[in-house]
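Structures for review follow.
Next come two complexes, and both contain subunit A; in the first it sits with subunit B, in the second with subunit C.
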Partner chain A sequence: MLTLTLALRNLLHAGLRTWLNVVALSFSFVAIIFLQGFYDGLNEQVERATVAALYGGGQYWHSSYDPYDPLTLDDAHGVIPAPLDSLIAHRQATPILIRPATIYPQGRFRSVLLKGIDPDQTVLSIPSALLKDRSHGIPAIIGSRMAHSTGLQKGDMVTVQWRDVHGTFDARDVVIAEVFRSTVQDIDNEQIWIPLDELRRFTRTPDEATIVVLGQRVAPPGSVGGWDFRDLSFLLRDLHTLVRMKSVGASILYLLLLFLAMLAIFDTQVLSIWRRRKEMGTLMALGMTRGGVIRLFTTEGALHSILAALVAAMYGIPLMAFVANTGFALPNAADTMGFAIGEKLFPVYSPSLVVGTTVLVCLVTTIVSFLPTRRIAHLKPTDALRGKLS
Partner chain B sequence: MIRPIFLALAFLPGTLSSQTPNGDEILKRVDENMFSRTRIVTSRMVIHGPREMRTVESKSWQRGTNESYTEFLAPARERGIKMLKLKDMLWEYSPSTDRIIMISGHLLRQSVMGSDLSYEDMMDDPHLPHLYAATVVRRDTAAGRECWVLDLTAKTEDIAYDHRRLWVDEARDVVLKENLYAKSGRLLKTVDVREVRRIQNRWMATSVLYKDVLKEGEGTEFYLDTITLDVPIPDYLLSKAALRR
Partner chain C sequence: MQDLPLVVTHALDKTYALGQTTLKALDGIDLAISRGEFVGLVGPSGSGKTTLLNIIGALDVPTSGSAEILGRSVETLTHREAARLRNEHLGFIFQTFNLLPVYTVFENVEFPLLLQGIETGRRKQMVEEALAWVGLADRADSRPSQLSGGQSQRVAIARAIVKKPDVVLADEPTANLDAANSHHIMKTMLQLNRDLHTTFVFATHDEKVIGYLHRTITLVDGRIARDEHAGDSSHS
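Coming up: the complex of A and B.
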């Protein structure tokens, strides 16, 4: 307790030197928590949107289906097995049939994925209900990115050409029933959604699907022959890897900030030990052990981080609370980053992030404060009293 | 006055049918005229793009309808590209990357060198009598010649075009015009023969316009510059090893 009181008094008496260090260190606190909260928010937001729009509670893939290999699409379809059919009947899962196709907007041709979805499904957030009205022809919905790149608008008619399951060409006009906005690019780019029954009829694939998406919190019915279950950890693996990669990239900034703050603490400690030799000698002459002196100087250094945490809380908490509530407005270019972010990003500051960062900074500061004090272990009180460092 | 017209109408179908040859027979004659055991062809493809026109020259060695080797000769950008078709497999060699890639799945739907022809069109079996049942629907003129108009309906399910309409030169057994339809009845592609020449006792189309009607543009012109029929083609040319030669 004496050490702590003494250290705090010494620290406060140092005045501007202490506060400069504290403010610099508080910047590190705020920057680390702020940026890491940004990435945590990004991860959470993208995950939530992608699960709602595309992944549901996991997907069953036809064994030939590989989304990264378009060459598999021709064969990636099969009759839905009974266990999955039962879930579909109870609206706990929805089938999606995917076929390669070509569209001809304004006389240009373009390869797309033609996706059939049940208009009555409620498993995914895709606005499939817009496919119910067939009074104007075969309805189709496309995402806003697809609409932008093809020049298609609501009410437009576009010719779609595909091959049926036997390889025979078919072509029909579809009416763009709606252009939907979604943050999830995987349901938007280069794809066109039409009613599942129409696609099955045109491609002669009755009762077939390419993937079956389970509802969130629906337990998978186990192993299904010819179909592979992909759980959320598998489906979100790429996303998590991408966010982790970006987070690691940002940690270079944290390290730089932390390094600068630690450099200041280290310098302060070295300077203190040099300038306060007589004080150390006096403390030893009065009976304080070398270990006690080391503890005192280390505590003084470590207290910088406690004060920095308090200062950081004073301006950091209001700032972060404001950003967490209002979110970051993102530029349009963010839409092409490959993330389902949306127009605003809301950072997430979890207790574990705040506590973890505080503990980390305090620990590093303590270690850095301790390093220069090792010289005190060899200090002779007589030399110290004369102002020498032995 | 009514009676003669009625009689004429009553007898007309019988009169036409007695003069009209069987559609399958016409198709067989077209097939016999068109196909040879082997052929070596140099040709030009004039591709009309939205902004520019390109001419692609190539030389092909073909054995039957299942085996062919094609080397592109011009322009400089495409020179050295080689394609090999063996039955239902297609490979392409690109000298710029020194790689051989197999064209399948999605890639088959891409156009060949930006033309109105897709790789799929190249892969289809051209022996129409094997695949279609033909009926003569009427007589018409195409390219200034009297033609039988044949409606072709697919005999099997695994066929690219469910329905075709052919204009066959009555005297020369050569197709002068062709429309290719989707299963829905939608017209997809047209083929117009502009010039026919007599080569080694066969009538061959030497200038053809292919048009993907769903796409804007003027189509792709195909010119047959030289052709040699029934000459031996060495086996090594029709193998993957020839692609890197």
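Coming up: the complex of A and C.
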């Protein structure tokens, strides 16, 4: 307690010197939490959007389906088993049939995935209701990225060619009923969505699907023969890996900021010990032990981080609350990350992030403060009084 | 009371290594200082005054021989025991005052009491009393940088005597002061010696200080050349 009292007194009485360090360290606190919150927000936002548009509450895959192997698509379809059919009937799941196809926009050909979806489904946030109007022909919807890369627009007609289950090629013209915008690239790039019943008819696969997507918070009905259940942790694994890779830059910055903050504290401590060696001699002459002096100087260094945390809280909490509510506008970055982010990113500053970072910085500061004070352990009081470091 | 030996040294040697050679700073010092004495270690630079004062203050240890402070052998004390001895029984006054620059006058004087763990109310009373002894009660809130040299040294005296130590060790206490302040400081310490029966041991070569001493121990080349009491003279 005495050490803490004296250390606090020393720091507060040192005035500007202390506050310069404290303010500099508080910038590190805020910057580290701010950046980490940015990536946490990114992670959460990506996950939420992807779950809503693509994964739902998990998926049943036909046992032949492998999204990383397009050659499996010809065989990856089957009649929907009864337990899943029951969920679909209650609108707690929706089937999707996926077939490889070729489109011919403006005379060129493009390989695409032709996806059939129930226009009345409400499980996914895909605007499938736009596929209900068949007055202008077979409706199709595509994402804005697909529209951009193919040059297709709303109202355009495009020829789609596919093979049915018997391997017979067939083709139809479809009308682009709408071009939708989505942050989830996996429902957009190289894909055309048409009504499920039309695709089933084209490919002669009645009552069949490639995957069945469960609604969020719908419990999977257990093991279903010929179909494999993929839960969200499985489906989001790649996404998390991707976000983690993107976060590496933030981690480097995190470490850099931490290193700079620690360098400032280390520097301050070294300078302090050099400049205050006579004071150390005086403290020893007055009856303080070497251990007491080490504890005092270490506590002083560590207190910098506690004061910095308080200062950081004063301006950091309002700043972060504001940013967490209003979000960052990222219109140009939305399509460059390789995963779904909205035009606005809302950072997430969780208590674990704030407390964890604060504890980490305080701990590292204490260690860094202690390192230079080890020299005091070898200090002779008579040398210190003469201003010498033995 | 006056005759109780607080400090006793016997055949005390202190040698420093200087590269390949050694320097004998103290050579066979036999000395006894009793309670209530106002004694000075005098001599030219390099005669061993400060070295002897540091050993008496448990800041250093002898190379050979013995030094007993309040019955405890300095050479056998652990670092912690030496710190405790200094905190509870010894007061220090330095040539350059050595006040803690970020503390106020009050906090500087209070510091040894904080180390002793004395409770707040009593601590405040003791500090105010000490500041009154040295005539600085009205400067309690000042910082050392706002004080003159004489005032700074009086704060250092207050800090040394606030815990009412058995011995105050003063190393060249007037070296940085002008004549008027030197006399003022010495009169203050003499008064405290009379009123509190505190033993004062000085290391000095300042004639102004020597004039106030009741006993003068002259060191030459690390040996006691003379040991004189005011009014008589005896050679060691």
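As a convention for this text, the second predicted complex is superposed on the first by the 386 of 390 C-alpha atoms of A that agree within 3 Å, B and C clash if a C-alpha of one lies under 4 Å from a C-alpha of the other, contacts with A are read in each partner's own complex, and residues count from 1 in each chain.
In the analysis below, contacts are C-beta pairs under 8 Å (C-beta built on N, C-alpha and C of every residue); 3 or more make two chains touch, one makes a residue touch a chain.
It should be emphasised that the depicted structure is a prediction, and the values quoted were computed from it without experimental measurement.
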Subunit A as common anchor, with subunit B and subunit C clashing or fitting: fit
First (subunit B), second (subunit C), both or neither touched by A:Ala285: second
First (subunit B), second (subunit C), both or neither touched by A:Gln161: first
Touched partner set for A:Leu263, first subunit B, second subunit C, both or neither: neither
First, second, both or neither for A:Ala14, with subunit B first and subunit C second: second
Which superposed partner A:Leu71 touches (first subunit B, second subunit C, both, neither): first
Centroid geometry (CA): angle subunit B/subunit A/subunit C, rounded to a multiple of 10 degrees: 150
Partner chain(s) touched by A:Ser111 [first = subunit B, second = subunit C, both, neither]: first
Contacts of A:Leu253 with subunit B and subunit C, given as first, second, both or neither: neither
Contacts of A:Val79 with subunit B and subunit C, given as first, second, both or neither: neither
Nearest Cα pair across subunit B and subunit C, whole Å: 74
Set intersection of subunit A contacts, subunit C complex versus subunit B complex: none
Partner subunit C, residues of subunit A touching it in the complex: 2, 5-6, 9-10, 13-14, 278-279, 281-282, 284-292, 380-382, 385
Residues on subunit A engaged by subunit B in the complex (per definition of touch): 70-74, 100, 102, 104, 106-109, 111, 159, 161, 163-164, 166-172, 202
Interface residues, subunit C side, partner subunit A - complex: 54, 57, 59-60, 79-80, 83-84, 86-88, 92, 94, 96, 98, 100-103, 107, 111-112, 114-117, 159
Touching residues (chain side subunit B, partner subunit A) in the complex: 104-107, 109-111, 154, 157-162, 180, 182-184, 186, 188, 212, 214-217
